[in-house]
Amino acid sequence: MQRLSSALFLLGLGLLIAAIFRGMEFGTVAPIVGQAINSAAAEQVGAANFVTAVVLGYRGFDTLLELTILFTAATAGGMVLGKRSPTAKRDPDAGFILQAGADLLFPLLVIVGLYIILHGHLTPGGGFQGGVILASAFFVPILARPGTRMSHTAVSTIEGLAGASFIFIGLLAMFGGEAFLTPLMGQGELGALLSAGSLPVLYLAVGLKVGSELAGLLAQLSESEAVD
Amino acid sequence: MTPLDQLLALSALTVVAVWLIGNRQVTGWNATILYAAQGVLLMMMSDLGYGEVQSIASSLTFKVLGHGLHWRFDGLSWFFALITIGAAFLASWFASGEWGQRYRAAGGSLRLFHVALALNVFSMLVLLASGDLLSLFIGWELVSWASFLIMALGSATATRYAMRYVTYAFAGAMAVLMALVMVYTRSGSFEFQDFRDAVPAMSSGSLWMIVILFVAGFGVKMALIPFHLWQAKAYAETPGPGAAFLGAISSRMGLFALVVVLVQLVGVERLADLQLVFPFFSARDLLSWLAVLTLIFATFTALRQHDARRLLAWHGIGQGGYMLLGVLIADDLGSAGGLMHVFNHATYQAVLFMTVTAVIHRTGTSDLNKLGGLVTRMPLSFVAMLIGIIGLAGLPPMNGFVSKWLLYRALIIDGSPLLFLGSVVGTLGTILSVYKLIHNTFLGQLRLEHVEVEEAPSSMIWPMMILSTIVFVTGYFPGLVLDWVASAQAAVGLPVLAHNLGGVPSHKGGLDMIWVVSVLLAGFGIGALVFFSGGRSKRVHQLDNYAGGHFLTAETRYQYSDNFYPGLMHLIGPWYRKSFRWLERGFVSTVDTLSQAMQGFYRVVHPSFYLLVAVVSALTWVVAR
Amino acid sequence: MSPGELIIELFLMPLVAFVVGLGMVLMYRRIGARIQRRVGPPFFQPIYDIIKLYGKHTQISHGLIHEIGIIMAVGGYVAAETLLPVPGMSGLADKGGVVTLAYVMMIPSLGLALGVGQCANPNGSIGISRALTAMLAYDIPFILVIFGAAYVYGTTNLADIIAIQQQQGPGGWGIVQMPLLALAALLSLQGIMGKQPFEIYIAPAEIATGPMVEMSGKFMGGLFVMQCFQLYTVGVLYTTLFLGGGEYWLTFLPKIFSVVAIPMMIAFVFPRYRTEDVIRLLWKWPVLIALTGLAVVLR
Amino acid sequence: MNQLALLVALPLITAFLLPVVNRVSTLAARWLGPLVLLVTSAIGISLWSQLGDSAVAVELGGFRPPLGITLYADRLALLFALATSIGTLLLWPSRGEEWLRQSTLALILAASGSGLALSGDLFNIYVFYELVAVVSYGLIAARSSAGSFAATVRYLIVSSFGAALALTGIALVYQATGTLNLAQLSQLAPTHLNNLQGLAAFVLMLIGFGVKAELFPVNTWVPEVYATAPTRVSGLLAGVVSKLALLIIVRLLVLVFNQPEALTVMLVLGMLGVVTGELAAWRARDFNRMIAYSSIGQLGIMFIAFSIPGQAGVFAGLAVALHHLVVKPAMFLLAGRWQGSLDRLAGAARTSPLGAVLFILLALSLIGVPPLPGFWAKLLVMVNLMAQENTLYSVGAWVIMGGAALEANYLFRVASSFYHRSEQQTPPVAHRTRDLATASLLGAGLVAGAVLIMPLADEIEGVASQAANRDQYVQTVNPEALP
Amino acid sequence: MPDTGLLLYGGAFGLILIGIAGIVLSAHLVRIIFAVALLEAGANLLLLLATWHQGAAAPIIVAGRVPDLMADPVPQALVLTAIVIGVGILALALSLALRVQRAYGTLDMHEVRRHMEQDIADEAGIDMPSSSHAPAAVQTARQESGA
């Protein structure tokens, strides 16, 4: 009964959305903010990648918050999943090929991850993408050897310090009399690795934070007791 | 500090003082003294009561959210305040002696009791002093909750009915608030004067609504039909002196508020212009009939009670009908009758509750089927009750007769035979009922276990005697009270009753109680003369009587008490259909069903489903707009 | 009127009432005797009876209230008589009026009830219960009648009512002006007087159940006196309201005697109704008639 | 005025560092959170005193609006930011096994709540909203019972669904105007959003953000979550978080979507909320769900109040909201030991007399008994509703009245059962001192509000008039005019 | 209006619809969670499309060369944020689902709801709500009118 009515309502929703859709005028409104950023970002922020300029500069506050969300989700997830009882059964280690592959992949992934993070202000990519790769670098060995455990202490320390340093950089600007999260340290030459002021540092913090956060979450999930 | 400030401050102080003194025997005496002091302060304002001063304002004013709040006393307030403080004084006196000891010994807290009483007095004074609609509402709420407090001190039954009262009272208060807000939107302020000015411009539809809301709200306190279900048991089970106080004055606050709103502000003439579907049935008629139905219904319900306190409480509801009816007639006689009845009722209702409490104090029960013959043991209480019931029944020479006479006279002039008939039916029912009360309590066979019962203690007898005296004296010289009534009438803009000490001089049939009572007393004298001129009578034992040859002993209980009026009940018994209970139950069941449905709504399997529904319906509305 | 004259009137009025009442009792008994083909009592029999009762040796009292009840029963009527104007004497008519009178007339019932209650005889209490019930029954039509009369005449002052009727002559009498109300009043008189078919509460046939069960000697005598007053009061009241009152004793006395004669005639040819039937009957026909009459009067 | 960002940044950095601090010193970690909240509250109060009638906008990152994100603080925003800090402080999670994580979450809640109140950017609001949501999932699940997990996951689904709808609405707005800055939106709204698309966007956002504001009909999560969550968390959610969500909606209404149609939607949904909430509460058989349902009804009243156009509506709604902000957490604190069947509460006054008195006080104010503040708030709402001279608004007034009557019935049914002298069952154990102290503090605040009603009313009116002042918002933020 | 745009918009709305359908039609918790993810994806796509322009270049300056028509970087940043938020919530939802499964042994929402109600009722010490459990006021009214 409820399914039937749900389906009907969905049909209705579709029709309504179509109706609203028809009334919309696409592309007539100029993306005023976007254009302004496109024309001003090079001078104001100094990052060649304008998306990065937006992510860390114009909307750096959003980024801080999304980091917080990840952090919160990890904290809450940790609380939900709880501690694993030491006697619980574990999956056996994978075979030699997988283990060797994982060992081989680990440094490559770390390097790629760091590269993507550090070039975030120049090319597509950045802290989030790189952070995910970093996380997988640490997670792949765990998949290969379920018996090993990630050091929670290290993970939480990294994530705490990385997040704090993001805010700390923002606060530094404040103590300098500027607004919270104002980019620091000059802009440098557009397109150079050491440009865009404090943005790469921020991205590094983001990358580390995302990496440790995700790694921690994945480890939590994998460590939680099997259902069956 | 104006005198009113002093009075209110002292009243508030009484609450605090009583609280501080705590649960001790002396609390009651202190409270009594403080009430006496309040009475003295009130007397210092007696210019109000004799119409020499229009009003006395309090220097306390507030302005909240742009609405002014102020308080003042006029003749009407003074009149009601006099009754309030008097009732509190005597009730507190009554409670201070042995009753208090017993109450405390039984685990009751005298502190709570006296604080509740003092709080009631204070809140009533605040209500009576209200100088605008908002302060009226605030006072109203205070009174409601204060009386809830004192009711909740009683037995579990009382608490349950107090709960019911809260439900009704708060719903009523909401109705009042609604009416207030409607008035505000039409007159732009909560001031009395602005309301009065706005009334002529109001459409009859909205005025109807306002009147109905006010009546529903204030009617709850008066226990006007159909809001009466809570009162009798709640009052009856309240600790004795509390019941006397509540029975004397508490419900009358509803009358006060109605008088202020309907008579002083809307005006009875405007009510009479407000017509229902039929052109000959106006708002005034509707209210009058409500009053009369309340009177008849409550009186005949009282007739069926077999607990003295409940019987009295039901009568209290019924007598309220007289008062409202009188005020609604709104000529000089009728309104005087209605207002005077407030005073009269307070006096005899208090004395009756006190005698019943005294009986309970001595015998432990108020069940009319378990008492009888106490007149020989508690003669003074008997006298008090006799005077009380004559007052309640409205027979000469007591004061209850005067107010009823005024009412009847007004109804005759008004030409409303059915209302007249209704009120007489109420009186007759009352006579039947109060006779049953006194017969089953004080007359008839004395039960074996009551042979050793003593007269009530003096702390009880004194208030009872004072009240009885008032009942008689104000019946003998009704002009004493009519002075106050007249200034109350003047205060609310009613025609003022021309009166003298003995009553109402009129060429078209007046009343002079001094003469009537005198001839009555003389008649009794002659009767006594004739009687005692006969041979000496021999006093015999109670059981020495003619029982068709049957041998009676004290162990055999043959008091005729249960189902006292079988013939009448055989006929009208089926008319008691409890329809109001059904009404209430039906309402509760409806709410219950709806509530269940709503809970069902919140216990849905897919919470998101409603989100979808909401989006779809809202977007539909957006698109279809 | 000087206070002295008034006080003399106030003494005279009950006295006259008592004497006339004795005559009415005599008439009642004579009528009964005639209908039952008996000779009936001698002229002074009622007063003999009263004297005899007062003089009896055995006087059983059940306590002070028992006595006070009887005093109230007699005293109430004594007071009532002063409110009833008769030719030449208007007493307190302007200070009480018909409503007061109606209420003063209830005091004797209450007194009787108190007295009987004190006797602790359940049979007596049953009688009171019946009496009060009957009062509820007959007072409803009666009060409607009083309302109608007071409304029509525009006053509750009985003296005024008489004056208004007499001004207009017999055509202005209440019975002509409002015949239906007069009829209703007559029916309720039957109840007020406690005559058959509405005499269950007195229950003279089975003395064991009724207010009189514990009444003996002067107690009974008091009730006897009360009956005289009662007959007189209802007769005069009816006459005052509907028959133009009395200008002279000569016309007045026949009027009041004939008024009370009618219920007496009826009384002896009817059996008795039970309490609930009394109510049913009195609440039905007299009330209907009175209401119709009121509707005509009020229009 | 730059310190505004501290209200968000300070609790956040503390939250990040808390696990690290805990390594060093457990004692420090325990006290750091409350301490920081105290500091932020102090900052908030000092800002409040500086603010006066003016408003202030902070351009985060130093970028001029509308390019960057602005924080906007008028007294309303600051008030709610403060309320969040103080509320979190008062309802600081009780000590348990997971105290560290709970403290972290509570700090983040304080930060995100303040941010939600202060933010002047539509998408930033969305992010804050999500943050608040995630924190509340964590806090609700902290009870670690199966029921709480199930309730959380059900809540999560509704809430995410709502958030996605709100995001869709934001997309529609961005599509129509090309900006996310509220001040600029306010300038563009009359030309760009006064159409079907704009209204659709508002409806989506109303319903999306309404999930947290317990808007009918997207409030089905309320009873089960409040029945399973720790009572302090319930108090926070019902008392503070719901008001923050409401605040967003009000801001949107005042600044962007001030079409009468938008108000009508809110009014109708609010009325339905009152009706369903109060009716459902009437039959509730356990304490938590009773106050949960009643909170739905109260929020419904707020929606009704805010749907009154103009400053009057903001004033009325704000009065009700602030009142509820004080009362509801106190109620939930009392629920700490009284949760469970209402029948069990018979005789509770014996073991917890103060608790019983407090409950009665709160209930009296909640149903609007003079002279408690609840009455004045209700009066304000009623007067303004009737002043609209509009049938639908009058119906709203009637609904509020009826709801209050029902509420009086069920609340006092419970209150009187406290004083039943039944000997058969043992009354519940006494309250924890901390719960009772906090609740007493709130109750005392209520009484103080009754005494100081005159200055309080003036102050709130000032706040409301500022909040309803669009021009001030636009001028303070002063977005650059872009081509 | 180029066809690509229509397709993309249609895709976004389609995703939203499919997501909603998944949420309200499925009974399995994990499916519902993934439907939420789909819904978010749809909303993100819509956001991205808000100022979408056919043929616009990525807003990156490579080697100092500024493209003529750059895409709006703002929605891209927003979507980046939204996606990460979505990931966080997804992870939390899955952990909760895991615990629910562990506690109740099922992920069917009907069953879960029933178990949850039972849990709440047990904890509160009341029976599962049913029509026979009217509050005290109703019962009293019934007794009294029955008496």
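A, B, C, D and E label the chains in the order they appear, each numbered from 1.
Here is the rule we go by: a residue touches a chain if its C-beta (ideal position, glycine included) is under 8 Å from a C-beta of that chain, and two chains touch if they have at least 3 such contacts.
Source: prediction; values computed, not measured.
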item: Chain-contact steps, minimal, separating chain D from chain C; value: 2
item: Those chains which touch chain D and also touch chain A; value: B, E
item: Centroid comparison with chain C (C-alpha atoms), farthest chain; value: A
item: Result of counting contacting C-beta pairs for B-D and B-C, higher pair; value: B-C
item: Rounded Å distance, chain C centre to chain E centre (Cα mean); value: 91
item: Inter-centroid spacing, chain E versus chain D (mean Cα positions, whole Å); value: 22
item: CA centroid of chain A to CA centroid of chain B, Å; value: 74
item: Distance from chain E to chain A - Cα centre to Cα centre, in angstrom; value: 20
item: Contacts with 2+ other chains: residues of chain E; value: 16, 20, 23-24, 32, 50-51, 74-75, 78, 81, 85, 88-89, 92, 96, 99, 109, 113, 117, 129, 134-135, 137
item: Of all residues in chain C, the ones touching two or more other chains; value: none
item: Where chain D touches two or more other chains, by residue; value: 123, 127, 130, 134, 137-138, 141, 149, 154, 157, 161, 165, 172, 175, 178, 180, 196, 200, 282-283, 409, 413
item: Chain pairs that touch, as defined at the top of this document; value: A-B, A-D, A-E, B-C, B-D, B-E, D-E
item: Chain A partner contacts - residues on chain E that touch it in the complex; value: 1, 5, 9, 13, 16-17, 20-21, 24-25, 50-53, 58-64, 66, 70-78, 80-81, 84-85, 87-89, 91-92, 94-96, 98-99, 101-102
item: Partner chain E, residues of chain D touching it in the complex; value: 123, 127, 130, 133-134, 137-138, 141, 145-147, 149-154, 156-157, 160-161, 164-165, 167-168, 170-172, 174-175, 178, 180, 224, 227-228, 282-283, 285-289, 339-341, 343-344, 409-410, 413, 417
item: In the complex with chain D, residue positions of chain B that touch it; value: 62-65, 134, 137-138, 141-142, 145, 152, 156, 159, 162-163, 166-167, 170-171, 174-175, 177-178, 181-182, 184-185, 591-592, 594-599, 601-604, 607-608, 610-611, 613-615, 618-619, 621-623, 625
item: Contacting residues of chain B [partner chain E, same complex]; value: 160, 163, 167, 578, 581-582, 584-585, 588-589, 592, 596, 599, 603, 605-606, 608-609, 612
item: Footprint of chain D on chain E - complex, ascending; value: 16, 19-20, 23, 29, 32-33, 36, 39-40, 42-44, 46-47, 49-51, 74-75, 78, 81-82, 85, 88-89, 92-93, 96-97, 99-100, 103-104, 109, 112-113, 115-117, 119-120, 123-126, 129, 133-137
